[in-house]
Each structure stands twice: as C-alpha cells, then as structure tokens.
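First, the structure itself, so that you have it in front of you.
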Amino acid sequence: MRISVQEQDFSIDKEVEALVRGRGDIGAVATFSGLVRGDNGITQMTLEHYPGMTEKQLEAIAKDAMKRFSLDDCLIIHRYGTLKVGERIVLVITLSKSRKAAFQGAEFLMDWLKTQAPFWKKESNGNESKWVDAKAEDKHTQEKWK
Amino acid sequence: MRISVQEQDFSIDKEVEALVRGRGDIGAVATFSGLVRGDNGITQMTLEHYPGMTEKQLEAIAKDAMKRFSLDDCLIIHRYGTLKVGERIVLVITLSKSRKAAFQGAEFLMDWLKTQAPFWKKESNGNESKWVDAKAEDKHTQEKWK
Amino acid sequence: MQILYFSRVREAIGKDEETLTPPADVTTVDGLLNWLSTKDEGYEQAFKNRDGLRAAVNQTFSPMDAPIKHGDEIAIFPPVTGG
Amino acid sequence: MQILYFSRVREAIGKDEETLTPPADVTTVDGLLNWLSTKDEGYEQAFKNRDGLRAAVNQTFSPMDAPIKHGDEIAIFPPVTGG
C-alpha cells in the first residue's frame, strides 16, 4: 500500500512495476488517472489540500478498499499545486487475483477520494479563477458503497 | 482507437500519452492489465491466436465499447507467444470525460475479450503443459452486458 | 486552539491559520463560528452560509455540533472537490 | 475449402491447416466434422465431444449448423480463453 501527496507528475508504468515486482500471484492490475479537463476555456487548475489530514484520509480510504475487495495491494497518488489542461491530478492502482475486484477497488477509491479527501480545486481561464463546487452526484456515488 | 496483436511487451505510459496527446477534453483514463499468474506451480504460459480473425474481433469489440459508453477513445493490446509469470498478457485503455464511463468501458472490453477474442492459453509448470479451460463464469459475465 | 481555513473560507477570512483561545462557553464547532462572527465582519461574512461549510476536528471530518476543547486543531472549509 | 485448427484440436489432429474439397452433401460445419470423422480415426477422436468445440466461418464465430460452401475459411477450436 502506497500513498503519496505530491506536486510532481508520476509514471503509471513505474508505479505498477514497483507494486508487482517479485510477486507472481497478481492477475489483474487496474489503474485510473484523473486529468485536468479544458471545459469552458479553462487553461489550468490549482489544487489546495490540508497537509496532515490528507495523508491520513488517503491511508484510511486505501485500507478500507484493501479490506472490502480483498485487494493484494493498492496505491493512491494525489497531486496538488497548479496543473495545466491535460495534466494528471490523481492516480489509483489496484492489484488483485481477479479483474472484478481490481475494477471495483479502483472505482471505490475514486468515488471516495471525491468526497473524503480534503482537496479543493480552483479553475482558471487565464483571466479569472473560480473555486469548483462539490457535486451532489459525487456524494450519491460514494454513498452507494455503504 | 488502436488495436494491436503483438508478441512484445508494452508501456502503459506511452500508450496513454499517445491517446491523450493534443486533446484537453479527457477527464478520465482507465487502464487494465492482465498478468500471468503463477498458481499451482505455473511458470509460464503460451498464447495461441487466430491471425486475421483476432484483429477483426478486437476491432469489433473496441467499436462496440466506444458506442455503448460514449468513450472518447480506447485501445486494446493483446500479446501472444510465451510469457513468464508476472508478464503482461493484455492491456485495455479507455478515455472519457467521466470516470464512470471509463471504468465501465474498460470492464466491458475485458469481459468481452474473455469470450469473443480467439486466443487460447496453455499453462506450463516447466515439466508438463495443459490447455486452460474456458470458465462458465466468463460467459455469464459477458452476457450481463447484453 | 489552532484554527485552519481552506479554499473559499481562507480567501474570505484572509488568513490560512490562527491560534485563538475562545471563552469557556464555546464548546462546539458551531459555537466557535458564532463567537468568531460576533468579533469581526470578515468572519461573519465567511461563516454566514453554514450549509456551505464543513469542519474537521483534529483532522477528522466532524459535524458542526461536534465538541471542541482547548488544544484541538479545528479546520473550516467548503465541501471537498478532490479526485 | 480451407480448414484451420487451433489449440487442443490442432494438437489432436496434428496439423494447423489443410485445404479440402468435401462432397456436395456436406453443407454445414457439423456435416464437415461428420465427413472428416468417417475418413480417419484422428479426426473422429478430435471431434468426438462436439460440446467442447466451437467454429468460425470466414473469421466469424458461427454455430455448428452454420452453412458452409466452397471457398469458405472454416476454423475449429475449443472455447476461447483470451484476455
């Protein structure tokens, strides 16, 4: 299990390799990356977070996913700072014997990150910037796992 | 949309980058890799396929996924030949505005590959080798999408 | 008591962190926000719409009526938008 | 008519491909397998358990009663196990 809150970008290949290395019991690796989308003239996004609490929350979410889906391992990397359109914000990886658990674990991690990780996004179109509103939809999506 | 049936390994980063490059409308990238698992002393696996038909089937499955889940793009790489435990067999990638569509598209691609792509696996423990039996479970999983 | 502000709340108040000692009758997050609102119009504006606020006590998401005490770390922020 | 064999079927028959001209009354995949089974014990063994066989006609999965004609590409194999 690896958690990282960082400014720099990541390599999916390197992270997968580090998780899989030395073990022959993994059949399924699911990954999800979230990217900055350039809707409505948005050119970049700034992510603020709550240092200390963020790491605690990511750790708790990852542990929960491991248990719920009997994952063999998982990873969450969440970036902060200013990111341009097309840049990666978040990466989750899940390892399992079966593809169903790997997919479900990754989807769970993403759904929970949306409502349980203390990050706030501010979008900018180059002239003005605006805090992103939380989506009621994300709250409902998260609740379906309860 | 990219389809490849190949012997050599792949890079998830490179494939994702090639799909995302130059576009700012992608919010979600899901990937799935299937690995050779070393259950019951298995040390390697040989994949046989039906050249010509394989490409046609992968193309048809990818097109179907694009339409069903309104994906922005997708990729399937399926390897053949002899692969050791821990090596990657298959990669699917889906691009979408929303994470739900990306996850569903990737899961659909994998479920359909299991029953609709003309590949056959033979496992070896170093001494003897044995063709893998198709799982009734995979047939049912595929049928849920109908 | 250490109080942290994030996102819109941080911008509205104009600081990200402060250490305060509220009076003894301030025993919940809500009570803290009420007390701060009486002190200064900036707080009053920032805390006006309570439905749009969330809180964490000692780095754990907590309801507005959660108890708080001397030495706690309290954070006030809008609903999170990560992932 | 070109006939391809894969996996267990290929191993049982001992070849991966052959070109044959079945008699005119062979008009389905099943008919082809029946005709081949009468020719040689190797085919008979390979095609004994029809439940364990699948077919493709011109690179499209097809049922065992699918019609076949001169010039078609027929493939016989066990259920697929890719992915």
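A, B, C and D label the chains in the order they appear, each numbered from 1.
Following the convention adopted for this analysis, contacts are C-beta pairs under 8 Å (C-beta built on N, C-alpha and C of every residue); 3 or more make two chains touch, one makes a residue touch a chain.
Owing to the predicted nature of the structure, the values given are computational and were not obtained by experimental measurement.
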Chain located farthest away, centre of chain A as origin (C-alpha): D
Inter-chain centre distance, chain A versus chain B - centres from mean C-alpha coordinates, in Å: 23
CA centroid of chain C to CA centroid of chain D, Å: 74
Distance from chain C to chain A - Cα centre to Cα centre, in angstrom: 27
CA centroid of chain A to CA centroid of chain D, Å: 49
Sites on chain C at which at least two other chains make contact: none
Two or more partner chains touched - positions in chain B: 34, 110
Complete list of chain pairs which touch one another: A-B, A-C, B-D
Residue ranges of chain A touching chain C (in the complex, touch as defined): 34, 47-50, 52-53, 56, 78, 89-90, 110, 113-122, 131-134, 138
Residue ranges of chain A in contact with chain B within the complex: 11-13, 16, 20, 23-39, 85-86, 97, 99-100, 102-103, 106-107, 110, 141
Residue ranges of chain C in contact with chain A within the complex: 4, 6-8, 10, 56, 59-61, 75, 77-83
